[in-house]
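Across the two complexes that follow, chain A remains constant while its partner is chain B and subsequently chain C.
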Partner chain A sequence: MIAVRNPWMMASAILALAALLFPLSAGESALSWSDIPALSVSVLIFAAMSVWLARGALRGLPLGLLLLGAVGLGGGMSLYVLYQAGAGGEAQLGFWLFIFALWTAVWCGLDAISSFRSLNTWAQRLADLLVPLMFGCWLLFLWEVLTVGFGVPQVLLPSPSMIAVRIAGSLDILAADFHQTFIKAVISGYVMGCGSGFAVAILVDRVPFLKRGLLPLGNLVSALPIVGMAPIMVMWFGFDWQSKAAVVVIMTFFPMLVNTVSGLSAAGVLERDLMRSYGARYWQTLFMLRLPAAMPFIFNALKINSTLAMIGAIVAEFFGTPIVGMGFRISTEVGRMNVDMVWAEIAMAALAGSAFYGAMALCERAVTFWHPSYRQRR
Partner chain B sequence: MTIEGQGAVPGLTARIFAGHAGPIAVVVLAIVVIWYAGAVYMNAPRQMDVFKRANADWGAVDLIEGTWAQDRPILPAPHQILAELKKTIIDQKVTSKRSLVFHTWVTLSSTLLGFATGAVLGIVLAVGIVHVGTLEKSLMPWIISSQTIPILAIAPMVVVVLGAIGLKGLVPKALISTYLCFFPVTIGMVKGLRSPDPLQMDLMSTYSASPWQTFWKLRWPASLPFLFTSLKVAVAISLVGAIVGELPTGAQGGLGARLLAGSYYGQTIQIWSALFTAAALAAAMVVLVGVVERVVVRAMGGRP
Partner chain C sequence: MTPSPVQSGPAGSDGDSVVRAHGLTLSFQTADGPVHALSDIDLEIGRGEFVSLIGPSGCGKTTLLRAIADLEQPTGGNLSVNGVPAHEARLARGYGYVFQAPALYPWRTIERNVTLPLEIMGMAAGARREKARDYLELVNLSGFEKKFPWQLSGGMQQRASIARALCFDPDLLLMDEPFGALDEIVRDHLNEQLLQLWAKTQKTVVFVTHSIPEAVFLSTKIVVMSPRPGRIIDVIEADFPRERSLDIRETPEFLEVAHRVREGLRAGHSYDD
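Our next item is the complex of A and B:
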């Protein structure tokens, strides 16, 4: 017998071979492997390659890249089976076994790449980026295959391709919603909320009495369901973006306050004594020592707030809004069961949220480059 | 005796104000005073309208009394909210749809279900991430970016869509809470399970402990403080998820439904009383987790 050094690849080969024994799809357009000879031959080649790899022929990066390439081809073929050959909605065991074979191969490939070590920083960074990226692509592929293969009703969960088509088809609506919700409400509310939180934190730091009285309350309030203030803000400030910005201000204020205050006490006693021995005044100590030392905490709040601000603005739109905005679009399109449009809005919200968060993280890296959490990187 | 008493009083106040209790009381008092003033300021225009229509003579006292007793004020005074709370919590039967206790229970049950499943899911993911390298590299970035999706914003949609396929009531709301809960637990537990320092891990391997034993005797106990810290965050966020999940369900009940109904009919007092209840619930749950933490840490022989 052959010596199996890589059980995952062996499993992949067995799954691929087993897939050939079962039909691809049932129903009107019943397909078996013999209907698409080219596909069957490719699967045989894939299985042979898997057996070859299972003996430990390749390792590390080459193995990973080869597998990812093979899975890319296999994924393309399974999409062909679903769309062109008409197996959508009626995929059978043979098809799913093949998907499982691809799955084990992906796992094995990611495993190989994630154990890649290099002294070249760029190569290492590229490999580290490739793993989550490929995993994400695989998840998207799995989503597509599962929804189409099982014929999941579009109302329940549309496939990624459908959402992409929808996004491409309604860019103008998405842009208008983005402008209303993100540019007008989120950004202005975020700036006001974080700014006032920061200012009050400085005040609290100056007055110890407030620190003892206000801070425990601030901690309590950050645990409260502040989103519930949204209907009240809509009543006070009207339907347009001002009320959404107000909700964002309330939601972002307390995390900023609490984090900044705890950050201002992050500077060490020794450093503070040094500043005093230099005869530095309060403001000098604040700007030269304590604020830089507080930066990691402040950026933590800025990052938390970036997600909170998105949530606050969108939820506030459920309580009344002009006929534009992401929250408005989500709630009305749900009512009309246009779930693909809803998912398009979600995709945009996720993209905007991630970009916002990422921008904050980049700023953080630029400002707090001295912090141990960045220095200790390989 | 009077002299003693006079001597003790400044000492006591000084002690109170040196701690947290005094300043907190003062700040709360200030908030209440500002609140009453704000109620007068915001409700005054409408109250003046009322007076004008009734052709009544009014002075400052009438105005203030009026603004504190409106039916649908823009900002209700605290005592109005307390009266509403008493009316809906104590005076109603618990099973009645008008009782806040009933609505609170609806929200609480889905919060707790979501919290429990989210915590378990978070712990399982953390254990997997700590022990399987590939899982960490491939899954961890997606777990983090999963939270930049404003799931709370699409929570009502999730509820509606799941309702369309016949999944109604507790489960959809609990799913949203689960999604929100698992993240802090995973992040905290990954940190916690990695918190034993290399010396202790080496000691375990010199004892030739199996991975299983290392997990139960070293990693798990070491991670508990992290677990409880993240559980406090998780339980609060779970409540938020449940409330937002109730927004589209309309008549089905729950604090979120109360908020929505209140905003439709302009019942500000009802909105505020639902908010107060939600706040009290959140605070109570966080405190409860804190108590459990203290008990568990003490049972494990930790020093508080």
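Our next item is the complex of A and C:
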């Protein structure tokens, strides 16, 4: 009996061998493993390698990279089975067991890479990046294989490849929508909403009675339902991006106000006494102590608002727009059953939102480098 | 209640007093009624003196220091600092205050932390940098200008905060248990350095502590305080030479003064029982 140090790899080997016992697909294509000998041999090699790895032959980064490479090849082969050999919509147990074997291998490989520790910062950073990247790729692959393998109707859920084809085919429309919704409505609304939230927070701090008067009012504004406000904003500011920016302002104002107000009281008692002992004026204390100390709070609001702004602008476009914009496109293409176009817009919105959030997070890192949560990396 | 005797050091007797408190009282209103943090304090501190305020916690020594710094408002009596009311002395940047914790701003380099008061006073950047270099050298922190506070040890951080309190050259240095959070070896070392600094700069120092050896080793005058209500129960002169080493802590004179401080503290406690 062999000593199993890595049960996941053993499971992977057993799944791969079990897969060989069952047919790949049924129906018209009716594939069995013997129809594709090269694939069968590859699966055998994969199983042998898994057994070898299950005995603890490799660890850490080499194990992870080897497994990711193997899964890459295996993934390519399974796509070949689906598209070239015609198993799409008719995949059977043999095929799915093979996908399960790849799954456990990916699990094991990512686990190995994520526990990688190196003093070389570049190697470490690369490994840290590889894990989420590969995990994302794997999820996309799984989505592709599941939708194609089971023949899921395009209206219910198109496969990533269909969405990608649609994106590539309608770049001009997507660019126009992006420009209308993100550049015009989101960015301007975000700047105005965060800016006014910040300014009012300073005002509230300077004039104490406003704290009682304005904060509840801000709370009220944040509680307004967006689907109720959006049509009103359209009536006030017209069909173009201005009304969407107004909705974004309403959504981003309050998080910024509340976070800045609590951030301004984040500076410690000693630090304030220090400023007082120097006879510092209000604005000096504000700029030299209280605002820097409030930065972690302010960036929290900026990050929350970056995603809120996207949602606000897209939803607001459901209530009247010129014939361009991400929300407009989603609402009309759903009606025309062009679900792949809807998904293309969703993908773009997700990408833009994440990039926006990421940019804010990077700024935060640069500005609040002194905060205990970022210190150790310097 | 008998008022505490007004005692002053040799330097203070010629009327050149930096701090003068007469009948000073300070009460806080709390839910359980007023708390008398300071009661009828008479104290005079002369130029160039090193005065320690010592007593158990709750005796008002920190409150007295904060009142001198105009960080607390007395409820009665007179208090003048540098010959003017404490409020004016603060606005004239008449003192440097060293807190229990370094209170360095983590987003500023050591250099820019030290020059913070100069920046508030509106000094030009070039002159500030020069001052920072001088005062960091004075506290033996040359070469750490570009470091951030969290990259330094606790003792180094506290030295940087002393440089910050000194860099605008106030006559009066107020120190609130500045070495309380440090271990004993670092503390001894910093005590020696503080004495050298005092001898070099001729500042008046008011120093809050609850360590008897520290108070006796550093001071020209030891003010023993007692809680509930916070008051002065003894003022002890200690005239060791200005240049002294840690070795004097073994001498009979030192032990005698320490004994008197201990007696005073004990008397303050028995008053309570």
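The criterion applied here is as follows: the second predicted complex is superposed on the first by the 360 of 378 C-alpha atoms of A that agree within 3 Å, B and C clash if a C-alpha of one lies under 4 Å from a C-alpha of the other, contacts with A are read in each partner's own complex, and residues count from 1 in each chain.
Keep this in mind: a contact is a pair of C-beta atoms (placed from the backbone, for glycine too) under 8 Å apart; a residue touches a chain by one contact, two chains touch by 3 or more.
Everything numeric here is computed off the predicted structure, so don't read it as measured data.
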Room on chain A for both chain B and chain C (clash or fit): fit
Which of chain B and chain C A:Leu270 touches, first, second, both or neither: second
First (chain B), second (chain C), both or neither touched by A:Leu17: neither
Partner chain(s) touched by A:Leu302 [first = chain B, second = chain C, both, neither]: neither
Contacts of A:Val81 with chain B and chain C, given as first, second, both or neither: neither
Chain B versus chain C as contact partner of A:Pro132, first or second or both or neither: first
Which of chain B and chain C A:Val258 touches, first, second, both or neither: neither
Which superposed partner A:Pro292 touches (first chain B, second chain C, both, neither): second
After fitting on chain A: smallest Cα gap, chain B-chain C, Å: 15
Of all residues in chain B, those that touch chain A in their complex: 17, 19-20, 22-28, 42, 74, 133-134, 137-142, 145, 147-150, 152-154, 156-157, 160-161, 164-165, 232-233, 236, 239-240, 243-244, 247-248, 255-256, 259-260, 262-263, 266, 268, 271-272, 274-275, 278-279, 282-283, 286
Residues of chain A that touch chain C when the two form their complex: 268, 270-271, 273-280, 284, 288-289, 292, 368-372, 375
Parts of chain C lying in touch with chain A, wherever the complex brings them together: 69, 71, 90-93, 95-97, 99-101, 103, 105-107, 116-117, 119-121, 148, 150
Residue numbers on chain A that touch chain B, as the complex places them: 107, 110-111, 114-115, 128, 131-132, 134-136, 139, 155-156, 209-210, 212-214, 216-217, 220, 223-225, 227-229, 231-232, 234-236, 306-307, 310-311, 314-315, 318-320, 326-327, 330-331, 334, 337, 339, 342, 346, 349-350, 353-354, 356-357
